[in-house]
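Before any comments, here is the structure.
Chains: A, B, C and D, in written order; residue numbering restarts at 1 for each.
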Amino acid sequence: MSGNTLGTVFRVTTWGESHGGAIGAVVDGCPPGLPLSEETIQTALDRRKPGGQPFATPRQEADRVEILSGLFEGTTTGTPISLLIRNRDADSSAYENLRNVFRPGHGDYTYFKKYGRRDHRGGGRASGRETAARVAAGVIAAQVTAIVGIEVLAYTKALGGVHIAENRGTVTRESLEQTLFCPDKEAALRMAERLEEARQQGDSLGGIVEILVRGCPAGLGEPVFDKMDADLARALMSIGTVKGVEIGSGFAVADMKGSESNDPLSPDGFLSNSAGGILAGITNGEEIVIRVACKPIPSISRTQQTVDAEGNSTTLSIGGRHDVCVIPRIVPVCEAMVQIVLADHLLRQKAVKL
Amino acid sequence: MSGNTLGTVFRVTTWGESHGGAIGAVVDGCPPGLPLSEETIQTALDRRKPGGQPFATPRQEADRVEILSGLFEGTTTGTPISLLIRNRDADSSAYENLRNVFRPGHGDYTYFKKYGRRDHRGGGRASGRETAARVAAGVIAAQVTAIVGIEVLAYTKALGGVHIAENRGTVTRESLEQTLFCPDKEAALRMAERLEEARQQGDSLGGIVEILVRGCPAGLGEPVFDKMDADLARALMSIGTVKGVEIGSGFAVADMKGSESNDPLSPDGFLSNSAGGILAGITNGEEIVIRVACKPIPSISRTQQTVDAEGNSTTLSIGGRHDVCVIPRIVPVCEAMVQIVLADHLLRQKAVKL
Amino acid sequence: MSGNTLGTVFRVTTWGESHGGAIGAVVDGCPPGLPLSEETIQTALDRRKPGGQPFATPRQEADRVEILSGLFEGTTTGTPISLLIRNRDADSSAYENLRNVFRPGHGDYTYFKKYGRRDHRGGGRASGRETAARVAAGVIAAQVTAIVGIEVLAYTKALGGVHIAENRGTVTRESLEQTLFCPDKEAALRMAERLEEARQQGDSLGGIVEILVRGCPAGLGEPVFDKMDADLARALMSIGTVKGVEIGSGFAVADMKGSESNDPLSPDGFLSNSAGGILAGITNGEEIVIRVACKPIPSISRTQQTVDAEGNSTTLSIGGRHDVCVIPRIVPVCEAMVQIVLADHLLRQKAVKL
Amino acid sequence: MSGNTLGTVFRVTTWGESHGGAIGAVVDGCPPGLPLSEETIQTALDRRKPGGQPFATPRQEADRVEILSGLFEGTTTGTPISLLIRNRDADSSAYENLRNVFRPGHGDYTYFKKYGRRDHRGGGRASGRETAARVAAGVIAAQVTAIVGIEVLAYTKALGGVHIAENRGTVTRESLEQTLFCPDKEAALRMAERLEEARQQGDSLGGIVEILVRGCPAGLGEPVFDKMDADLARALMSIGTVKGVEIGSGFAVADMKGSESNDPLSPDGFLSNSAGGILAGITNGEEIVIRVACKPIPSISRTQQTVDAEGNSTTLSIGGRHDVCVIPRIVPVCEAMVQIVLADHLLRQKAVKL
């Protein structure tokens, strides 16, 4: 059923399969009068591009975005913005042997169970490639949130067992725009070593991305189901690789006392931020802090046990062009998803503020 | 703005403030012909009732539910089911001193920032009391999911620093229906000790709830934004106390390799369940495993630093009737939220299955 | 399936059957800070009350509305407003003979076909009584639209073959608040005669209601599916009795030329209003003009041919308490539906207006 | 705000401006396993193509549709279907003189008021060209409704003052696939004469389209706001040209008695069809009958009085390539909108039917 749209007022619909003709997004509900260009979107796409970082798949996609509607003489018109990205470098022949085999850790089995059939080429709709459309839409969302000065920064917090120290305060756009989107250069080197080891073993790695939102005004988020943290959790968990989402102190709250997890207020603002910028589902004006757990890429060359579509036992070694870790490529996707949720809630709040 | 409705086909809208006239829910989209009675709902409400467990608030609410519509001669009609629970034991005078002061860890400050005003009595809309309406609606959802044999079990996995061992396989409805909804009796005793300690200190505690779904057919969940795990994360994170949600191996995937996190398939099914029953956002027929982190109750009698509505510094010691921990009362709420999401996705899948 | 909610930002959900425990509505998305009281809503309910006008059913319902949530110290809080109206005077025994017979012109047959079962008492969910909840919700919508000075006036344009002359310009709230909500006193007398004749014949009558919206700013309505006229048509056609909706010149445009139907613009505004205040789905600042066709009440005492639930031929003469015409009681319902649509679009426009 | 999506389970989003890069649609929620091809859609597009009928604009658009996703080896996959139609023959220079002038009867003025800016070229988003995307999406909807044997036929009922006699019973797909989609050949000749007269006068004409739905099962449509007739009215009124919608007897019910408008039931079905196939918002298994009033094309070469963006009085004579009447080109659009609504309701009903 229809589940490819996100948002209430600022609405993003994505479409497309990895090896179909194209992928894309329709952004409906963008206010008129915002500056937008294909170049701005292209810059964002290039950040998540294969090959844009070491250890990424060598698949070379031009990933050229085309804005087909909703733009007139350089600014948005208020009508739907349609974004198109052609699939140019899709070599489906490499997937022919996967037509009747379910790859462990992938959606092959579940798509087959759900639909009774599936486009096996490159993961079809479940491919990470779909996230390019999210990044493109996120650029438009960022134009909306920029109006009130919101900035979203995502960076690599852990990869392959290397965790970096708590350093939210010092992370900046500049400090994270380096190897593996990791602001800790020394840790990034060790992460890179782990990636290389895993590649040689035919294996893959998981990690953690932390997302920070700065400049978000207090008052965004809706009781009771459309809470800001609920919508952020949904948006981030909708990224195929994500298996956990936490806000502020996150799972650590389980072992805390109220006197520790409550953030005292002073005339100058909150004195701590265990809440991660959200109280009762509504932003409190502090930095929003979110972490997501990313599972290892399921496509590995190590031999795995599986079954075919007839239920027969078989083994599988996945070749082809695959990343060793979704990090760093997932980092811009996380930023995009958070931007989309914030843009929606910003406009929703405008609707009822008298 | 309107954010009080959950679901696409099976839709739950809740309403009501802690100290208003009543709270309630409207359940729209329930199939006709299902058995339903006030008694069935009442039994579920009694599980989360104050005083239904030790260490809970002594506030005695009858919490009598009334079914006002959608029911005819003992079965559902297919039209909206309206549920009403009167607020009978609401003593608002105890909250008068909170009219102009923001309680740390509560939504007082953010509601004020969002709406410019707030119902300060008992937490208003942000009160945990709202979750009674969710539990009531969850009973109706459970009637829907029971059609295909789905069972949802939630239990206490950690409380006040006491974590119980991995024991999914052995948890049953019977084993968890005891002190603190904890299937490990020895651990439950220690948890109870921690609760008593915290109460004496005027403090509160956090914990972890694990939710298991058994008997769920493969194929539920929608690409790409309405993934099953995304919708579960949103629904659970919309409970005020929850600061983190994870599926299957959850945050542990960050340190795993693909060869570890991939679940091999055999002719007899999956050989492990790191995925927690969901692959690419769609159920795979295995047990669904979810954990949520619950923050300590923010209302504590220990003196806290805060500000009043004019921004002046002040201190606060919260008296009144408050739980020490949202566990165990939150446990039935977690079950309800998962049931609601499953019912919705079950009906959504029916819509497109030819 | 769930189809009992109207609106995107300002959302109204109604529930309840004619002879169940109660009927009601939940209004979600109402801005905070608006004045509201049960008395205001009661006044509106009394306008559509049985017996509030001659020729109406003598069924005496107190129809007392209770506001259960979303209101604090006399103004709205921004959270859902729950409205409850008990069914006090419901005598279901009179309907016992209809349990297995389908009344011509009613939803009996279609509800049975849709749900496989139905609440036969008083029309169940399909009863005109459901519209009381709409009127109550419409009062809240009117509080929203009043902010920008919108006024909605509905009146009787035709009844039982008596049509009144074009007189939009002179209709005022005062002129229509009289017999049959008809601003033409002489016509109202003739309409009353027709009603009496029909009553004596055991028959019923149809009519036309015209709705005028004054003070609506230009710019409300969304391309392309959520056009203002599309949403108005849907909202009005959702009233059970309505079989046609037209805007401005309506069906007369079929025989017009472009040079006649185009409204010329001058520096002082439009020089005519064939468009009825809406161009390309967006309000143009002129008076919005809508007409709806209301079918005769299907419950008549004249003997009718029908079938029972087993498909056997039978005849039926419907006794009990029934109006002869939905007019005048439907007139306040039409006002309410238009107010609800306008409130929603007003808030939607606020969301994106930078 | 976002208003470019129609449907709940079967969802259609259209995008694109008349003179932008392209127009298109995303269809989400289509069941998997349905046959689909670009050729099938192309055939439907050719029916509404400029030049496909006499008296249409000579603008020659290839209007080649491309299916970019959701299709695999000739059948639908269950994922979103993205449809793309490039704008190849768009000559914007002819519109340069309209940049600052509001055309009477068009959305120029209202778009300007709504958005503060507009794409003046060819009507932008308000152009009739947008309906090509609807027709394309309607083909997919028709694949869904064909599963249960639904057929939708629209034809010209009136044009330029020429009305054809009641002849529902005899209309067939073959009888209407001729000049002006009018099954009455003699009337079609007179309509053609009126069109030629109007063209010579530099004027335009209106008309009425009647849509028939055959083979629709009883039970589709949802109480109370998402009634079948309400959703049909909205979908059809969302076509820019439509100023009125009526079902069954429509506005004629105003002058009928209950004994006339009630359709008696017999063991063999309903004995008449004043209801037009819908009772209480739910289909009753009879033929669904809908009529829509289409206003004359607002673009006429006769001189009209208007104002420019600065509010100064001016006159306007619109040259360029314009139809004299939206009929016959609107006829396939009406079919498409009805198919989309029916497909959505068919799937919605499947969701809750146990």
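Definition applied: contacts are C-beta pairs under 8 Å (C-beta built on N, C-alpha and C of every residue); 3 or more make two chains touch, one makes a residue touch a chain.
These numbers were taken from a predicted model, which means no experiment stands behind them.
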item: If a chain touches chain A and chain B alike, it appears here; value: C, D
item: Classification of the chain A:chain D interface as same or different, half of numbers criterion; value: same
item: Between C-D and B-D, the pair with more C-beta contacts; value: C-D
item: Distance from chain D to chain A - Cα centre to Cα centre, in angstrom; value: 38
item: Rounded Å distance between chain B and chain D, as computed from the means of their C-alpha atoms; value: 46
item: Centre distance in Å when chain C and chain D are each reduced to the mean of their C-alpha atoms; value: 26
item: Chain C: positions in contact with at least two other chains; value: 1-5, 8-9, 14, 29, 32-33, 78-79, 114-115, 125, 223, 347-348, 351-352
item: Interfacial residue positions of chain C with respect to chain B in the complex; value: 1-5, 7, 9-11, 13-17, 20-24, 26, 28-29, 32-33, 66-72, 75, 77-82, 84, 114-119, 124-125, 347
item: For the chain C and chain D complex, residues of the former touching the latter; value: 1-6, 8-9, 14, 102, 104-107, 109-111, 113-115, 125-126, 130, 158, 160-161, 198, 201, 203-208, 218-227, 229-238, 240, 243-267, 271, 274-276, 278-285, 293-300, 302, 304-307, 311-313, 348-349, 351-352
item: Touching residues on chain D, where the partner in the complex is chain B; value: 8-9, 29-33, 78-79, 147, 223, 347-348, 350-354
